[in-house]
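The letters A, B, C, D and E name the chains in turn, as written, and every chain counts its residues from 1.
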Amino acid sequence: GSGGNEAAAPGQPDKVTVGVIPILDVAPIYLGLEKGFFDERDIDLELAQAEGGAAIVPAVVSEQYQFGFSNVVSLLLAQSEGLPVKVVSNGNNSTGVDGEDFAGLMVKGDSPIRTAKDLEGRTVAANTLSNIVDTSVRASVRKAGGDPSKVEFVALPFPEQPAALAGGQVDAVFVVEPFQQAVLAEGGRRIASSYVDAADDLTVAAYFTSQQLLSENPDLVLRFTEAMQESLSYADSHPDEARAVIGTYTKIAPEVIEKVTLPKWPAEVNRDSLQTMADLAVEDGLIEAAPDLDALLP
Amino acid sequence: MIRRIALAVALPVVLVAAWWFASAGSTDFYFPPLKRILEVFPETWFGPRMVDDVLPSLARLGIGYAAALVAGIGLGMLIGANRTLRAVVEPLLEFLRAVPPPVLVPILMLMAGIGDLMKVLVILSGCLWPILLNTVEGVRAVDEVLKDTCRSYKIRGRLRLLHLTVRSASPQIVAGARQALSIGIILMVISEMFAASSGIGFTVIQFKDGFRIPQMWSGVLLLGLLGVLLAWAFRLVERRVLGWYLGMRAGIQGVRKER
Amino acid sequence: MKVLLGLAGLVGFGVLLEIAPRIGLVPARYAPPTSDILGTLGEQARRGEFWGAVGDTLGTWLLGLVIAVVLGVVTGVAIGSVPVLRAATASTIEFLRPIPSVALIPLVVVLYGSTVEATLILVVYAAFWQVLIQTLAGVADIDPVAADTARSYHLNRWARVRWLVWPTALPYVVTGIRLAATVALILTITGELVIGSPGLGQEIANARTSGAVPVMYALIVVTGLFGVAANVLTRAAERRALAWHPSVRTEVPA
Amino acid sequence: MLTVNGLSKTYDAKGRHVEAIGDVSFSVADGEFVCVVGPSGCGKTTLLRCIAGLLPPTSGEIVVEGKVVDGPPDGLAVVFQEYGRSLFPWLRVRDNVDLPLRAAGTGKAKRRELVTGALDAVGLSDAHAAYPWQLSGGMQQRVAIARAIAYQPRVLLMDEPFAAVDAQTRADLEDLLRSVWQRLGVTLLFVTHDIDESVYLGQRVVMLSSSPTTVAEDLAIDLPAERDQLGTRADPRFTELRGQVYAQIQKAKQERT
Amino acid sequence: MLTVNGLSKTYDAKGRHVEAIGDVSFSVADGEFVCVVGPSGCGKTTLLRCIAGLLPPTSGEIVVEGKVVDGPPDGLAVVFQEYGRSLFPWLRVRDNVDLPLRAAGTGKAKRRELVTGALDAVGLSDAHAAYPWQLSGGMQQRVAIARAIAYQPRVLLMDEPFAAVDAQTRADLEDLLRSVWQRLGVTLLFVTHDIDESVYLGQRVVMLSSSPTTVAEDLAIDLPAERDQLGTRADPRFTELRGQVYAQIQKAKQERT
């Protein structure tokens, strides 16, 4: 371990590394760092960027990192496989507004596909399979009255999706910002906001830690949670500052940052939405038994 | 013969035993006991996944590898035999070679879509280099007296290519092809990390993302076994293609073997 | 002369990639023309972080390469010159080689976190095999008459390695190093990209998730240039070390 | 007709500058059999490689059958001094002999006849399926000779082709070569370091000085065209000529030292 | 003392089964100079490689200095027939000669003296900085000889070591070899295909039959120890011995055919 889990010497701040993905969703933690919400609580925060959960989860479990950022379905999967993870703070939620979310199910402008039901027999790109994206898209299909088992999914990272859609290699994509803007700029059309369809005010991602750290240093976890909550609330109520901070840790072009739809950043995890997600995951066969949300959530 | 087999299996047996016992009581989530990995192995791979994942992967690997052989040897002959051409293309090839597959894949996707063709191209793009480089070097190193022999006896064109250039470079080409084989397996996995819905690599990544670590390990095991199997097949081919070479070089090994 | 020809090759390729998007052969949004990429590269070069990332990547790459080459050559010569060892290790080597470094990512992260060490392990693991296999092939290429000469003059093991095995294997090793150099570079970038250890790879990942296509390509161009530089260096070293070899002695001087 | 005109050749490798051939001129008539002798390292191989169009001269020119040589001339065959390296190790003996014929587009039946004939003539009929590296040095050299003979060249250059064979085989090969020469009317340039052999075989002996090489003497061998190992070598004229060559070589040597 | 006892060697490669040596026994006393002659391909090289411990015999045994050979014996040097391939192309001439001495742990000054001396003796003092592939065939062969001489072996095996040099150089090298032999008292086994040479050089000539090889004749050469090129070769006894060897070889040949 890098020493963060040992009690710090008096007056010395705890060194804490958090694994994050350089996307819009983590703007609050960057903002909170800037605003000093972590310093105030004696947390010397360092943010480590990784491409996805592949590197973050194992690093947190092995206590290389103290905390990490991950989508909730990954955390449900991890927990159901017996990985000792524990959510400590909300990450971000969908906007809850159909047609105005930070992620969307999109087709080409001239596509005959009108609703999610039309996706039957079509190919949809998702960044990873058997995870939050395809589960949400299936929810959209169901809601539109279609049979989700007739939809074909292909794994394709977000950055590659706009080109694949434009090139006609897939019929629909599910992208988050800023790729949503990219698709729109090419004349793409949104047919559903799947995160909104999946559950009301869906908690999409959360910050988590390992059970070990929680039992060894509950005080640190508590301070981190408080700092996170303050950051989330601040970001939620100061979208302009959030937009500004995004420009510092991503390479998204400034004019795009102006346009992107930001997610919601409530301080608390929406437990009901997670229950819905867990049920969907069971229904779609991602996990076998209903997960124990109490064990996962704070 | 028995001695040879014993030699071939001794080290693997020792290593597997070491792994078995070292991991026996493991509670580490990412390092499950070997016993557990072996338990999930058959159910993971010998079911429908054999047809849905393993075979398509192998087919793509085979096509990509074969294409790399043809392209690598063909281009290598051209580049190796022609100094000016070599000077022109070498920096460019080195440039392309240094582009990591994870960033190359999106570019290939633009050109070849997301289907099998793209995956074959990814495999080709990785396997090509060891074959190409070794061919170029092999062609450059053709014995001068042999070259002179061909020149003075007017052995040119196809005959010269087949009977001098290819044959003389073949030990090095085979060394490259051997390298390329395992690189091909690796790229088979990488190609399936992008834009896939089936394949060994895809499945392994799925297991990893789904935190099904014993299954993931069983996939790693499968890839290793695949490597051994292909290397063994490779050796059979090598023995045919390089019979003269192994015989000629046996001088050194032969003495010790007979003792 | 040779340098000019090589430059011509690179420039020609650049021009091709300039024209293709301009005439609509490929979508310019996803494959920007060369001029855009180079312009962006110029912008990047004015950022301090860019040079920091370049330094990180160079460091990891070279360190990993050196370790892999040393390990590969030493093991290769040792295994290759002892037939028993060769027979005993063959199957194990074939088992370990095709295991993709990417599959090892969770494991190295568990062991080392998103650190340079984790990336380094991947780099060494991947590049090692390139050197090893080439070295083994080189050691097997010893001329029997030369080997007999060495034996009958009682060159001891070390002298045989130094004066017979090593020079014979050297052309193969050089090819191995050239292969390993790029594989190491590729894994440095990939490791940084996926694991998130600092360096160009992380910058590429960031550009990618931000949809900043020209930036991404600008960074890839830098990687490619690293590859070219590595080749120039190994070629120069080869010309010195292999002056006696037919492939070098018949080469027209640069 | 083969003419060497003011030939000179300097090797200029890094760290080693050798003026191998100083100034050599001579000519060989069509169908003539000329032997070349000279001390080790004097440039015989270099000369042959220049004539064969394998090495560009530093100055001077070579004309073969009316054409200035700037690449291997047509209908010319070479038996290299490095016989071992001039055989393709991946081809069996018969394929080694066969390959130049295939390249020349000779028909299959004809090729088989020529290959078998040539291998028989050099006494290797039972080694045709072996690889070159399975043969003894002398056998390898005989394969190289068989390859040249089967090729039926109009001009044949041979660089110490009998160096690795025993006395008896050598005598047989000498007679074989003379009969091939008489039968095919081939122009023959034969490098040897055996003085007796040069006198026994050729119509002329060109003696080279040590390098930078010049032609030290060009001696006509006026022995009868019909030669045989015992009779000719016992001929007093043979002994006389032999003595002349020997003396000339001694002289060239003394002038140097 | 070097004893070859019932040696036989069969090559059994795929597609080529050759009984190279049938049954050969002979012995060489310490400090003796024995020449071996035999037809091309009869197994002389094979015999030498067996004695040098480089090739395990199929049956029989070889004893060198009291020890049964199962690997290269100490103090033994070999000049290979394939001189070109036995030189390391990556080492300059002097380093090629020097290497065995370094391996033997000879001191630096001593090594320099031996190397320079040996290269001078074979007439290559001005080629010491060249690479082997920059030398003519005869020069390469002399490098191999220089390497063996500089090594100062107790047993020296030479496989047609003068095949590629001209008559004059050959004569010089023959005398050099005899003087080295007399000075160092080395046991010498010398394969040649030159009958005159075998008689001129050795104390005994072992004649081999063609393969499967046996010893056809073992002839003592009772010429005086002091030999010189003109005198000895003019000696009637020389002519007589030479005739005997020749006749024996002819006989062996006739028996076969």
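Details
The definition used in the following text is that contacts are C-beta pairs under 8 Å (C-beta built on N, C-alpha and C of every residue); 3 or more make two chains touch, one makes a residue touch a chain.
In this text the structure is predicted, and so the values were computed from the model without any measurement.
The chains in contact with subunit C and with subunit D alike are B, E. Think of each touching pair as a link: the shortest run of links from subunit B to subunit C has 1 of them.
Farthest from subunit E in terms of Cα centroid separation is A. Put simply, the C-alpha centre of subunit D and that of subunit E have 26 angstrom between them.
Subunit A and subunit D have Cα centroids separated by 83 Å. With centres defined as mean CA coordinates, subunit D is found 48 Å away from subunit B. Centre-to-centre separation between subunit A and subunit B, using Cα means, comes to 38 Å.
Chain contacts: subunit A has residues 54, 58, 61-62, 157, 159, 163, 167 touching two or more partner chains. Multi-chain contact residues of subunit D (touching two or more other chains): 13, 82, 85, 131, 134. In subunit B, 30, 106, 110, 143, 193, 208, 213, 247-248 are the positions where the chain touches two or more neighbouring chains simultaneously. Remark: subunit C residues 1-2, 5-10, 12-13, 26-27, 30-31, 83-84, 87-92, 94-103, 106-107, 110, 126, 129-130, 133-134, 137, 140-142, 144-145, 147-148, 171-172, 174-175, 178-179, 182, 185-187, 189-190, 193-194, 201, 204, 208, 216, 220, 223-228, 230-232, 245-247, 250-252 touch subunit B in the complex. Taken in their complex, subunit B has these residues touching subunit C: 4, 7-12, 15, 28, 30-31, 83-84, 87-92, 94-103, 106-107, 110-111, 129-130, 133-134, 137, 140-144, 171-172, 174-176, 178-179, 181-182, 185-186, 189-190, 193, 201, 204, 208, 213, 216, 219-220, 223-228, 230-232, 248-253, 256-257. Those residues of subunit B that touch subunit A in the complex are listed here as 29-30, 105-106, 109-110, 113-115, 193-197, 202, 205-206, 208-213. On the side of subunit D, the complex with subunit B involves touching residues 49, 52-54, 71-72, 74, 76-78, 80, 82, 85-86, 88-91, 99-100, 102-104, 131, 133-134, 147, 151. By the touch rule above, subunit E contacts subunit D in their complex via residues 11, 13, 15-16, 18, 37-41, 43-45, 81-82, 84-85, 129-131, 134-139, 142, 160, 163-170, 193-195, 246, 249-250, 253.
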